[in-house]
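These are the structures in question, set out in turn.
One chain, chain A, appears in both complexes that follow, with chain B as partner in the first and chain C in the second.
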Partner chain A sequence: MNAAPSTSENPLPNFDIVGVYRRILNDDSELTMPVAAIEALVEAIAESSVSTVAETLALLEHLTKVLKNSIANPISLSAGTDLFQRYLITTLNRPGALNLGPSDDFKIIRNHLISNGNIFVERAKQSREKIASFGTSFIREGATILTNGGSRVVGALLRRAAESSTMRFKVIYVISPTSTDAEGGRKTVADLRAHNVPVAVIPDSAVAFSLGKVDMVIVGAEGVVENGGIISRLGTYQIGLLAKSKGKPFYVVAESHKFVRLYLLNQFDLPIDQRILEFSITDDENATEDEGVADLNSGSSTSNKPKNSVLTATNAVDFTPPDLISGIITESGVLTPSAVSEELIKIWF
Partner chain B sequence: MSESATKEATSASEVPIKTQDVQPTQAASDSKESKQSGSDAKNTKPTEGDAPKKLSPAELKKQKAAEKQARRAQQKAAGPAPSQQASQSKEGQKQQKGPKQGPKEDKSRPLPVRRRPSQSNAPISQAPRKESKIEARQVGLFFGHLYSQPRKHSMAGASKDVHPAILALGLQYSSYTICGSTARMVAMLLAFKALIASYQTPVGTSLSRHLIQLLGPQIEYLRDCRPYSITMGNAIRWLKDIIVKTDPSTPEADAKRDLLEEIDMFIRERVTAADKLIRELAVTKILPGDVILTYASSSIVEQTLLQAHHAGINFSVIVVDSKPLFEGRTLARKLANAGIKVRYFLITGASHAIKDASKVFLGAHAMMSNGRLYSRVGTALVSMLANAQSLPVIVLCESVKFTEKVALDSIVGNEVAPAEELLSEAERQNLLPLKNLLPKSHPANAEENNTEGAASAPSDVLKWIDGSKNLHHLQVLYDVTPAEYIDMIITEYGSLPPSSVPVVHRLSTNT
Partner chain C sequence: MAPGVALAPGLTSFLKSLKTNPADSSVEHLISLLKRRQIRNSRPCAIATAALISKVVGEFKGNDATRLLERIRQVGRRLTAAQPREVVVGNIVRRVLGLIREVVEDNVGGEPANNSETGRSTPTQSQDLASRPHLNSTISSMSPLRHAAIEPIETSNYSSDISDSGELTKRPPLLTSHTSYAPTSTAPLVNSLFGLFSQPVESSTASTPTVPNSPDGKTPHSLNLDRLVDLRGSQQYFDLKGEVMSGIMELQEELEQSDKQIADFAHEHIHANEIILTHTASTTVQTFLAKAAKNRKFTVVHAETYPHDNAATHEVLLTGRKQDARAGAPHDDDDRWKCLTELGIPVYVIPDSHVFAIMSRVNKVILATHTVLANGGLVAAGGAHLIAQAAKSHQTPVVVLSGVYKLSPVYPFDLDELIEYGDVGAVVPYDDGEFVDKVDVEHPLYDYVSADLVDLYITNLGGHAPSFLYRIVADHYRPEDTVL
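On to the complex of A and B.
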């Protein structure tokens, strides 16, 4: 490894990583947070003038930190940045493996990295289609599927199922009216209806009521954690619990770049600040209400949010433990929850 | 640890002298049998085989004399073996190794109280026949297969090749002076270092070949003192591997230095550094206000709790403990001395203790490849209670404790400790008044009549139990916790679910 003196606090002062990240995310509505983060990082490396391995890694670390600090819920994002960092470390430490000739020519390595980083992004985009094709085989003729949230992968899967076959199925879509991604959910509902799929929209509170008519549950995830549990939109955990108690299969669809090296023991072990349980002896809810609205606004705007911003019930997440999950459908196959840790270990060691 | 080591060593040093006293007197009576013992003597071949082939005539003579003595020592025991075989139908196959086990049984059996190796070889000659019958009767229950090798509490009968450091270590094992699978492994590696440091390759062999052979009797002796832990097995396998890989052309001094360095490195990487990583990871799981419940005593749990305390986290600890080792007492004391609020329960109160707890931290003896935890007996009970209360159960475990073995229950693989440990001296004293309730036919009664003069001692209680037909004391040391009860395993590779144990095991053994 090329030894180099450590770089200064901000190796690339002119590069606004958060801005680039938000632009990428806004430009392509199909992109997920981890992929956008990776794309932003690749762009930053291309922009920079790093000439050694140590510099590259230091730059990466710095940018990742800035990016994570700018977002209230960096779990999903950190999956992407960690993965990219890991990938870089393994390729940079073994330059000979790339067959690029003399390993001391860092420029070649850097170019290789940049092009490969793009491949990474491309692959991540394709993975959704792959998952959709895996997932459709789980849907049987006449099945009723319960889903929630505004997951794009779930949307892609259901659309694929609706388009590709003569199969008929029904969808029960759980949309919490206060949730921030209710809009994404409604879009998917409209899309499915346009494909002649009967969709019923129910609120959170009607899940148990509807469960008798449900054959399977499919949900998306923000992150898949090490023990095979998932971090997902608030309300997913209770759907999982109910599905388990009624013996309905509960499938998760998630790209493997959403696997996070994080181990949660329970709901309150999440590494982010969530203001959901707010005990109070007064009826005055204005204070929290205001913040909720503020969060909502800043989430959609491009302004940088301070780290200490908290998530309220409208955009919070919860943790669904692995024992409630029947299978995780990824682009590399359908995994049991216990296989997630194995996949992560493969990436990390 | 070291103080007690020297203590043990000095008390044990008397033994060899005594053994030598015994042997000449026995020699005459055994001399007839020693001819027929040709086949038996072959069983000691591993130790004999170690002896270098090319020696001066004088040395050769000395060596032969030593071998003869060893054979005789075995012969004493091998004498009654045939009758043993007849009476012990269940142990039939194991008795094929009869002469090997014979002397061990004889020497440890008549021992009334543990931890007194110097007494061990007093009544050798009469005991075996009677003991073997009792053995056969006891072996009825589920755990019968585990009784094949009674623990050894003395250095008597140890192979002459066993290094003094190993001899001392063995006694520390059998008396629980060194206890805990990691501590035992580290102590063993340190003893092996002493062995290697003082080792000289005999002429005509190579280091890699001869040293491996020399390890054989050491390991055998240690196993006789106490069955070895999974970690020890892993370390032994690793050590043999690097010894075999030693290039025969390297000069001996260099090869020895390399080996010593490798051992140091192993301890540093797999234990010291691993513990540090585990500690740091585990501390992040302790939140202010937590009540951490732990069972018995694990060094890594102790380190974690202390580190969390030093980091200023405000939490309290519940130590659940049980007979007969009471390992938790020391832990509770240490934590309390450090300023942590500690509550101490015996396992009988575990169901109450668990209600106040918020997390359960457990140490491990080993992690099985099916994700099950093999740990001090009682652990499974605690984890089951925790699981029923949906408390997170966290196992702290170095990857050196991972094994490719699987365990379905605690019966097939376990360690049986001497049953007399179950009753402390005080408890035996309390039982003495019950003496007149013993049945008339009880052998202890008959014996007592002969020696009426002697006041009944607490140790007699053990004889009642030994002689009793329907009472059998069982002390197993470990149990197996199902993987479903374990939420998380913290290793130096990070946190894992139990299902990832084989993956990490493969990873840690390949590199």
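On to the complex of A and C.
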């Protein structure tokens, strides 16, 4: 299978992929970053006038690079772009596999791809519902569940559990007051309370204190990496460590399009710039200023981020190694962390 | 346990009655036997279920795969409801369901290739047919747990099943890529993550109304069923029943052979002069140890698992085999069943309470199991958790022996449901009225041992790390059958 030739010129100068990506993400709050990225790329292909496989792949490569460079934390996004790229490479080189017809008519493939953009999105959303229905069987009568952050999958799962049965369960919601997605978390909390689920909101610092009352931990993830570990908002790692030390099961819910080809060994292998450890001998005010900037940027503003934007403690992520994870609940079932690599191998090789 | 007399209700009497009774009454018979615990433990349950299912398939009329699936599913649902803790019953049912699906897919998969040679008569038909292999792949791609139906490492027993059925129909090597991980050039991409894309591909191209697609909320299971319904209309005929029956026979053979196959790995795991600790009465473990005893000298320390299994343990140590195992395979020549001491292996029986004390001298722990679950944990005779924990704290390797048929695709959502409680009279006799009055006595028959306490599983396919079990589950069960 021949890789795309590396054309350095910009094949589609007038297309603002970042803008489109942000617009898509804003328009539909239910959308995850990988899916938004895929949708943006599909839109780009629709805009363009590419007519060959090589052209398409070059365009894709270029746009992916632009997109990744302009987003502070492209890990989750890259899962989507990689997936799309692999899909195109493998299917464009073998159009017969698509059953589109006897000839390898590129136009048909392209048209079909464009016309089905929204089905991709539907599918991705459906997978969340599917995860929710899988996940509810984890929640048992009288259980207390600890969760964190504003993960939409976790929210969907808990909501489904609250709606679908007469089961009673309690939720401990860890919300770090400075975190940028505290908003989303509070929304989920309000939603759960509206469904008569007792929710306790605690700060990060109270996790160890509360853990004695917890039956299981469920967290969302931004990306699931090759070794089965997860990349998730700052603080997830310590919840994992604490849960392990207390012998509480620690489950991750993530759609399988969040699987990303990265192999991390420790926190500092993350391929993004995070300003968390800032050693200083002066009481610098810069740090807080930076936080403000990061807050603005990571919020849902449509303005482009500065290219070299960094993540601070408010919106940073950490890496939870696979040995802390009991299971990964995906739309296709409960996987052990070691099953992730096989999934990735299947798409890459 | 009922004595092995032919008249007592149990596995032997059930197998005998199966020859004369029709399927429906046999289903009722097995249900009542399961409910009354007259057939219990994994192997007898597996043998009985396989025999019953083969009877059900044998009496099934017609060649309609959808109805056959539904029929077996319905029988399976009733059997598992009768005794939910005998997980093996459900496993066997799921294996047969997977078998039927495979037979159907093989035959349908061969179809388009034949047709494309003869030429495409009508555009709609050719499109319909051409879309089938791909539809198939999207079903599998919906779920990462669905892999190639067979793995190269599998032993001849199971793979012969596939090749047999393959030769029967002279089917070209298409689709589910039996041969290897490497996708052949003709096979469409079977990639789970691509499932996100490949489904819409179908919806736009294969616009035949008979094949509804998942955008309208179809689950992979119903998709598959629809496809089977679709199949009914096609003229292609194949011997569904015959192939399924031969598959079930292979399955029964596997049940019979699994102990021997597991024992074949004994020499790799038991070395000279080792001290091996085991527990409870298990034919699998006894066969394993006996095989190693032919060439090696080692010492066995046997925890007797009082009070629920101590009688059976003593019996195994004296005679070399369990009563219900004897009932299961009545025509085995008896001289193969020598007990370990006859083979020159010193055996020490210890009470469970001594396990921790003796663990420092033990080289290896070998556990028998009742059920192995998809996450790598296992349910074994009560006391297993104690042994596993003691082994952990002494860094002693824990090896679990289990036939693949005990491996269940069920995820242990609620552990308490899996543990069965037995007669407390065995712990404290009821005539000790004063004691029984004042003290709560519990008698769990099983223990759950979590995956991180186990170092190695040895199945009839070989040795596997607990984290690899998901893969074996994926190779043997279809995800659409996980919920019966």
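Note that in this section the second predicted complex is superposed on the first by the 319 of 349 C-alpha atoms of A that agree within 3 Å, B and C clash if a C-alpha of one lies under 4 Å from a C-alpha of the other, contacts with A are read in each partner's own complex, and residues count from 1 in each chain.
The criterion applied here is as follows: contacts are C-beta pairs under 8 Å (C-beta built on N, C-alpha and C of every residue); 3 or more make two chains touch, one makes a residue touch a chain.
Treat the numbers as computed from the prediction; the structure is a model and nothing was measured.
Aligning the two structures on chain A places chain B and chain C side by side, free of any clash. Contact with neither chain B nor chain C is seen for A:A54 once the two complexes are overlaid on the shared chain.
Contacts of A:E226 after superposition: chain B is touched, whereas chain C is not reached.
Once the two complexes are overlaid on the shared chain, A:G327 sits against chain C while remaining clear of chain B. Looking at the shared chain after the overlay, A:H257 reaches chain C, while chain B stays out of its contact range. When chain B and chain C are set side by side, the one touching more residues of chain A is C.
Once the two complexes are laid over each other on the shared chain, residue contacts for A:I114 go to neither chain B nor chain C. In the superposed model, A:E122 makes contact with chain C only, not with chain B. Contact with chain C, but none with chain B, is seen for A:T90 once the two complexes are overlaid on the shared chain. Contacts of A:E342 after superposition: both chain B and chain C are touched. After overlaying the two complexes on the shared chain, residue contacts for A:I202 are found with neither chain B nor chain C. Once both complexes are placed on a shared chain A, the shortest Cα to Cα gap between chain B and chain C comes to 5 Å. Counting contacts as defined above, chain A residues 337-339, 342 meet chain B in one complex and chain C in the other. Of all residues in chain A, only 83-84, 86-87, 90-91, 97-100, 112, 115-116, 119-120, 122-124, 126-127, 137-138, 140, 256-257, 259, 326-327, 330, 332-339, 342-344, 346-347 touch chain C in the complex they form. Taken in their complex, chain B has these residues touching chain A: 285, 359, 392, 394, 487-488, 493-497, 499-500, 503-504, 507. In the complex of the two chains, the chain A residues touching chain B come out as 226-228, 261, 263, 265-266, 269, 322, 337-339, 341-342, 345, 348-349.
On chain C, the positions that touch chain A within their shared complex are 127, 130-131, 134, 142-145, 188-194, 196-197, 199-201, 203-206, 214-215, 217, 374-376, 411, 413-414, 467-471, 479, 482.
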